[in-house]
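What follows are several structures.
Look at the two complexes coming up: chain A is in both, with chain B in one and chain C in the other.
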Partner chain A sequence: MHLKTDSKPTLLWLQGVTCNGNTHSFLNLSSLVDLLASYELLYHPSLPSLQTFENVSTCKFKCDIVVFEGTFDPLLQLNNISVHRILKHYVQSAKYVIAAGSCASFGGMFKASAPERNSGLIFNEMLQEGPLLYCKEKVINLSGCPIHPEWLGYTLSMILEGEEIILDSYHRPVELYSYLAHHGCTRNEYFEWKIDSKMFGEKEGCLYYEQGCRAPMTHASCNKILWNEISSKTRSGMPCFGCTEPDFPRADFFTTKTNMSIPEDVPLGVSKRSYLTVAGIAKTFHIKRLEGKLIDYKRTD
Partner chain B sequence: MAQTIKKRRRDEIIAVALKLFSEKGFYVTTIPDIAERVGMSVGNFYNYFTSKDVLAKKLVIYISEYLGEQIRNINDSDATTEEKIYAIVSMYFDMANERPEMIEYFLRVYLSNREVFAEGCEGMICVSSFVTEMMIFFDNGVSCGELYNQEFFSAFGLFMGYLGGMVFLFGEKVLPEPLENYKVSISQNIYNALKNRQ
Partner chain C sequence: MITRELIEQIEGEASVSFEMKRDKVNFATIAFPHFRGMERILQGKSALDALVITPRVCGICGHAHLMASVRALESAYAHAGHAICLSHKAQTIREFTLVMEMIQNHFKWFYLTLIPELIKLRRTSKNSTPLKGAFAASLASKTLASFAGQWPHSSYMLPGGVTCDPTHMERIKSQGYLKELIHFFETETLGTTLQNFLSFESCKEMNALQSDISYVEQALLASGMHQKGFAYDRFIVLGEHSFSTPSKMKQTRPFLVESKYVRVKESYSPQEQTYAKNALYKNDYYETGPLARAMTAHVPIIRNIHRRFKDSAYSRVMARIVELASLLQHATELLKVVDPTETSLVAPEPIHTITAEGIGIVEAPRGVLMHKVSIVSGVIHRYEIITPTQWNIGSDTKIDPTPVQQAMIDVTKEEALFIFRTFDVCSVCTTH
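Coming up: the complex of A and B.
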């Protein structure tokens, strides 16, 4: 399924139940202007577009790519027209449907507004369920709360270049989601030696043991492709909430769930027995350099 | 063939050393004592273990791996947490009866001569197999809602301290009843102390 054409592909940005977080995130894409110059923007809620939403909602146009932001609510109406109907119409002509963010991908945060009926486009949390299941081969899930701007930029560029996008079992591009948020985390040395961070915002310590960090269990390249080309949550001292996974949002973001001091969830693909063996031994050692502030270690007075 | 013989001889050294260390004490027992009991020359002994300290650490790992394997089998069974507690208590007391040197070595040599184990056996290094399985046991117990969620060492100390204390009293011959007779009551006490009351 390639989209390499001589004319510019048409892109439509639709919204379900949303906080606009993905729209805002996309505006931070450093190559936004260049990227948009390669597309005809039929409609976007926050960018200059060819049509108004009123016009688009009459379902008189066609498009090549639909970007859908927000949880899908089958009862939601915009401009007195069912969003389901608008979506169905544009998906017909589209070659790709991008679910932008975790709400569109899995239901996410806004599934809670009507949990019995809301879902993502082809997934309801972990279950394959949703309004576009009949054409799921068109759907690319870019989960995240919000979406990483570079991930959407990457996907739109790949489509533009006619490159194949290989997806994982949750329809996420493997190029972006085969990594864990743990990969590239600047706290990895603290993780290796099992040294906790006692406060948020500190440069030292690992956030996995007490502060609820889900990076070792979360498919996301946040520490490989940095946010705003500068940083990430864990680098700045906040735990990863696991926002790219179908079970997001979980409860107690800032607390690691433990059973008798033993983390309930251990790094992905590692058996608890193996993890506890290594962790117990690593914890035995005391690395002076890692016990205090890094800038204070062997400092010249 | 040569490897099999070497392994058998190594196991013999371990068995004899466990007995001598736990009966006579670590410092009183010498390498010539062990070599003589095994029936080998002192020179040959050093082909198996380079020093008494190295042997001492190997013995702790040996006991830990043995206990770990037993508890792992219990952890992997379909038993309830209450049943698993009984199985662990039972296994521990049977070991104290049948191979008292294993427990004696742990209590009287490993825990009483920390200077011997200060380097190379720090923290959990030599007892990791055993402690890891106890962690798995507690983790499973809390996950299935049978045990109260608390700090690991509070529960671990209660469980293993209790068992160690009973085996110590047994070793001192102050228990009026055979160890076997305490399995049910002690398992029940441990379960009652650790169970989830919510």
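Coming up: the complex of A and C.
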């Protein structure tokens, strides 16, 4: 599926139950100026737009692309008009609907605001029961809490170029979500040799064994492309919270669930048996370099 | 007659119902219609999970929520008899990243809100340059993310310190971005050097400049905003930081403050359902934010502006711009003293051993932000958040108007809508 128009495509940014985090994340995009020059903004929650939201909410316009941020709540009223009605109207003319962030993709953080009725656009956590199920072929999920600006930049550019965007079973672009957050983590060597971080606040050690890190089970290119082009959760000593997955937010973010001191969830696609075999062998070695501090700040003179 | 105006692009929406009298605002009430139930979502969660959940209150000031949250937890530790002592490094990095988020916010407000709204108010055809704001804010986010891992939704603080363990490399990279940002600020926003601007003691010295700030200053005066938008001339600052002076003020008289006197009450919004609650100190409304911070800290140029124009819309706007300049200077100083060889975090007792109440107060971009937590064996029993917009943009009756209601009285509707935005409103924080 691709979009071919002679004039600039029109983009509408709508919001459900949200914190505006995806809006602000998008503003960090390094190619924002160029990208926006290729689109007409019908409405955006913080950028100058062709229309006010008040006008947009009356469902008088059409658009080519809908970006939806936030959890879908069927009872939510925006300017006293049902968000369901507004969404349905604009989705009709749109060739693409982009769910920006985990709330719009799966329900995310604000599913908990009204768990009995809130969901993402196609998915309610893992189940396909969202309001846009009837036109799911239009929907691209860019999960993440928040969305990485480059993921949206990529998707909007691919659409402009008429390139096909191949999606995974959760409707996420495979070029963005085939990587794991683990790929590119600076703690990889500690993971390989099964050396856990003794405590928070150190650059040494792997956060997977005790500190709750979900990176080996989480589809995201965070550690490949980095956040704000400079860092990531794990590089700043934080475990990955698995924010791109349908089960985000889980509970006890800073603790790894274990059974008999073995992590309950092992790296994606690896059988528990293989994992335990390799881990058992790796743990028998004592590698002095990895057990001490990475950098010795003591003067040698 | 009552007319309703939808206010957009304030991190969500709000609506203002105006009661007009001879083309001037006689009274206005404000409704924030969206609600997420953050405090309820936090109940029953592990106390440390608040450090992941509360930054998601707000996309533009999530870092301030993170810091309020970690301070609330640390205060609970202290009440449980385990006082936490932060390393100088952890303190400095926390302060630096908080300041950078404020800078990010102020740049966005200046270019994405203030200038376009001024152009609209003046009915001139000047082009606004909103993407300058996004560019500057993205640089501020980079300097912040060098330590916090990412922005928005940073979560890199834990009771006892910070989780990052930077080398001089991260500090120098961050410094490079900060220098680039200051260069942008000097060439585009100020039209003079940061040092020169910070030496100004009167706004008249801005007359010689040819820049975005001189446009704003002149447009505000031409719109009469130095004679409009007065609230109560009462200010409150509660967050303790290297850049703030906690105090409350009536005009220029300072008084001691104690956070225990902060309370909330239901909003008055007869036209439309609202989920917002008003924040007060004892029984009085106070303005919070950059103007309050400049007043309690005796910033010379703002005290001078206040002497002439009191707490007008002009003073409120100029205070935020001057704060942007002084925070850029302060951030530079903070970064110089980050010492990678110090400890980042001293691990406290496990959280499940803690049963106590805690309070965390910070100065967020828009003013006082409070988090109150009650923990039972490491689990959140109760959580309460009071945000700056609840102080500034409450909605009460005619007898007891809030700062913004007071500031909108007796001006035209167009002026009132502009004055509303001089407070820098955050809808998502207000109702959380």
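Brief remarks follow.
Note that in this section the second predicted complex is superposed on the first by the 295 of 301 C-alpha atoms of A that agree within 3 Å, B and C clash if a C-alpha of one lies under 4 Å from a C-alpha of the other, contacts with A are read in each partner's own complex, and residues count from 1 in each chain.
Everything below uses one rule, namely that a residue touches a chain if its C-beta (ideal position, glycine included) is under 8 Å from a C-beta of that chain, and two chains touch if they have at least 3 such contacts.
As the structure is a computational prediction, the values presented were derived from the model and not from experiment.
When the shared chain is aligned, no partner comes close enough to touch A:85: not chain B, not chain C.
Of the two partner chains placed by superposition, A:289 touches none, neither chain B nor chain C.
Legend: residue contacts after superposition of the two complexes on their common chain; A:262 is shown touching chain B, with no touch to chain C.
More residues of chain A lie in touch with C than with the remaining chain of the pair chain B and chain C.
In the superposition on chain A, no contact is made by A:62 with either chain B or chain C. In the overlay built on the shared chain, the residue A:277 is in contact with chain B alone; chain C does not reach it.
Within the complex, the chain C residues that touch chain A are 6, 8-9, 11-13, 33-37, 41, 45-46, 48-49, 51-53, 56-60, 62, 108, 112, 116, 128, 130-131, 134-135, 137-138, 141-142, 144-153, 155-156, 158, 160-165, 167, 170, 173, 340-341, 343-345, 347, 428.
Those residues of chain A whose C-beta lies close enough to touch chain C in the complex are 15, 17-25, 27-30, 32-33, 36, 45-48, 52-54, 76-79, 109-110, 112-113, 145-146, 199-203, 222, 227-238, 241, 249, 251-255, 295, 297. Contact residues on chain B toward chain A in their complex (touch as defined above): 72, 122-125, 128-129, 131-133, 135-136, 138-139, 141-143, 147, 149-153, 155.
Listed in rising order, the residues of chain A touching chain B in the complex are 258-262, 264, 272-273, 276-277, 280-281, 283-285.
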